[in-house]
């Protein structure tokens, strides 16, 4: 039993951390009114970036720990920048956010493959020790704590500081907010930086902690799973963290039902089915609370036209 | 067109920046692709059918990114009818008519399953307002798993020489090869034409098509005029899924003849995703679907050839998959940007 | 009149503003001094609101200049205006419903950076609210506040921003009497502090009561500016309505004979309760009935529930309580299909939102409502029909194939009016239908409407915010206030003041 718990906690941590961070990042972004449909592509890209950064770092920095740490930060920063571009495009171009999101998704997929392969190439050319590409020297507790702190940070920023007020206001009624004199594009850019950093960190931890390596197609669909968690948590960071626990537990345990006789294909599909069911069930519950409701202008294009 | 060229150039730049492929072989390969058109025709037909399916969904604001899953379900439906259903007995004799009827039934069932697969996210959207995009993408993977489950389980073949897959369907169930153009099948050509014509008729000459157009541009106007937008959404989802399912069914009956294992590993050719690009490039105009499909199939095939030529250069190599993904993405962005500046230049002027 | 300085706090010179199809402001000039309450008086469409929005930076003038304390300024954005001490207090508060009072205030305070804590502002809010004399809960969700409280929040914003020039746009018209008194006191306090107030209104008694000077506007031009000693109701009324504008609307009088009293009501709402998007009740126990050949005018101040009422009548909004009968048939919550099938037309105030798709052609937009039965559409005959209808109503456009959004605002409105008048067999629901129309189109619309009513027996529910328009058009008038019907009157016998009082209570 102890062994099981030990294994469970460790494995759960890796899934939990990723889904929570990415889910919270998505919450920040969508709270500002932009549909984050590029999430899967950008997640895959950040997973690949982390790997390649780590490989690069290994030749520059001697300490494994430091190298990995820097890779995490670099990935978070890169994803943050990419997302800020995404947000600006979505706000400035009066076209469907779905279109822009899908474009980013595809580009993300493609770039992820290229970036990852570059990393692999370098890997094969130089001998890179394992400690540069995976976080083996830090206990799970530390990572858990960091995640919880990150969630707390997100909550505080969104609900206790003006930054969050701006982000949420823009998600509710961007036209009104711009009439008050606030630069909507700037606010969306900030939320992209912040949310993107979270997502990038989640992707980086996916590669460096959970997998400890890279292979083609790494991370595919995990972006969508995190998206489902984000929706199920009503885009409210503390709730996202809570939902993530249950979801991650299910995700980790379900494949092992195979030993109880469930065919492997079903357990592969299980997380996807669970995600869908989760999203549907959650949405049927009433959401009158002002903190939990959908941002009123989510997905709507922003026109700064004069109205008669 | 300009955006395509720009997309092409941009993709090249990305590839060049990351790998360093010289321009000469890049463009030579491109030329070679265009010249060998028989292979192109095959993918052209499928991309046309799938592109139409997705295009009509776009009209109704329904982002059918689940065409891939609907395509797979189509395959499942087809192989079920001709191999595992009670009706498969009709194939044993030399009766051409019943074989034809059976094939038709298989194709239709494939369409129906595709419609079902599209209906589920459609209903979810209607009842819970959750975007269909993540649901359809997740369901694509569920479709792959479903196919694998059946292939490894109840539908496992007997004559498989150690591979996990189904048996091949019998000769009489297969679609008819066109002599002279061995990559084509009569039925597929007919289907492509029928689909294109029907969709055109529906969109421009029926009330349903008008409803689709309003659903995609101003659903409130639709509602205030006495129509139920939920019903229209469901119709769009169903029709779109049906056509995608048809494509899958015909793929199985005409080309694959069996279901493989790990079908999600590229064995579907990812037509469902590439078709999204086709639909997009067609500028929301049915008349441009075929030209758009031509271009896209040329480019996909091009992608594969690039991979071949690159194989000598890098160990793992950049897969055609990566290339086509980037290409899709950059083209979409460039295209979207050019559409914006064209349509909205007037509005941009007003803003200042 | 003595003002605190000889240099005007605000000087507007030669401002011109054009919108598609209409000249809203025609070389308008105005001076506003510190320590003055200056009233801008005019009827709907006179341009007074437009001028205020130009000063506030919401609209950019085509010509002309604006100076604040001698410094030339052309506010190209609301932020510019706020930076110069100008605050625009609109009729419908610029507040985000889902945020708290404190959060809304924090949004406007530019001195607080992105990383400032919401808590920091809470104390400010409490103190300033007491200062104004209207304590408010800083943690309250704005969406749940009453109209008066929302305006208090706006005033909080104004004073915390250090506003020197306050533009009050038709706010007082919609406050209860007791609150209005307090508001006037507040304005006078601002005046004694040396601030300047531009009070925009169309109510002459109010202007006379509060203002130091009155500027009358009409049709986008400044007619005259009067000093306090020159105030006279008769004079002002004459200045506001050149040919006593009321008569311009009386195209044809409506004789009573064809309203048969004992015919059953065509449209009937019984005790209807409906909520708006925020979950608050927009309609509280609404009861109306309209007979054939009758025009029921429903008037109320903006935000009294008119939009929701029109949506209920066309079947776009469901009711939580109550019944809706069309020709005696219960159509409650059955949706727009049933309502449309009964032959009810709908002319809305925002045609590109409610009735048309801008991206589609005129033919397609027409076909949405007017077509022969059946699943198949013949483009040729629909095109011809569209052309026919457009000619009949005098709508100018290149061809029925043009996209709807290309049409000017006025033409779009006329297109919708054409379509709906052609379609309506039994009844027509109109919500602020003349908003973007010029005078001639308004006259033609009203006369066509009355013809349809008299000759074809159409019933009309005419919902408007303009009391004058309702008085011209209706046979029966009802006042809606805060979701309730306050009273129903015969147009021939009712007094204007009675209606105004009910609108504002």
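Per-chain residue numbering starts at 1, and chain names A, B and C are given in the order in which the chains are listed.
Please note the rule applied: a residue touches a chain if its C-beta (ideal position, glycine included) is under 8 Å from a C-beta of that chain, and two chains touch if they have at least 3 such contacts.
These numbers were taken from a predicted model, which means no experiment stands behind them.
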| item | value |
| --- | --- |
| Most centrally placed chain, judged by C-alpha centres | A |
| Best-connected chain pair, where connection means C-beta pairs in contact | A-B |
| Farthest chain relative to subunit C (centres taken as mean CA coordinates) | B |
| Cα-centroid distance, subunit B relative to subunit C, in whole angstrom | 50 |
| Approximate Å spacing (C-alpha centroids) for the pair subunit A, subunit C | 44 |
| Chain centre separation (subunit A, subunit B; CA means) in Å | 29 |
| Multi-chain contact residues (two or more partners), subunit B | none |
| Subunit A: positions in contact with at least two other chains | 306 |
| Residues of subunit C defined as touching subunit B within the complex | 76, 314-316, 335-341, 346, 348, 352-360, 364-365, 367-369, 371, 374-379 |
| Interfacial residue positions of subunit C with respect to subunit A in the complex | 19, 58-60, 77-79, 81-82, 94-99, 103, 106-108, 110, 112-119, 141, 143, 279, 409, 436 |
| Interface residues, subunit A side, partner subunit C - complex | 159-163, 165-166, 168-169, 172-173, 176-183, 190, 288, 290, 293, 296, 306, 308 |
| Touch list for subunit B against partner subunit C, complex | 204-208, 210, 213-214, 217-218, 220-228, 352 |
| Contact footprint of subunit B on subunit A as seen in their complex | 35, 37, 40-41, 93-95, 98-111, 113-115, 117-118, 120-121, 124, 216, 221, 224, 227-228, 231, 263, 265-266, 268-269, 272-273, 275-276, 279-280, 283-284, 299, 303-306 |
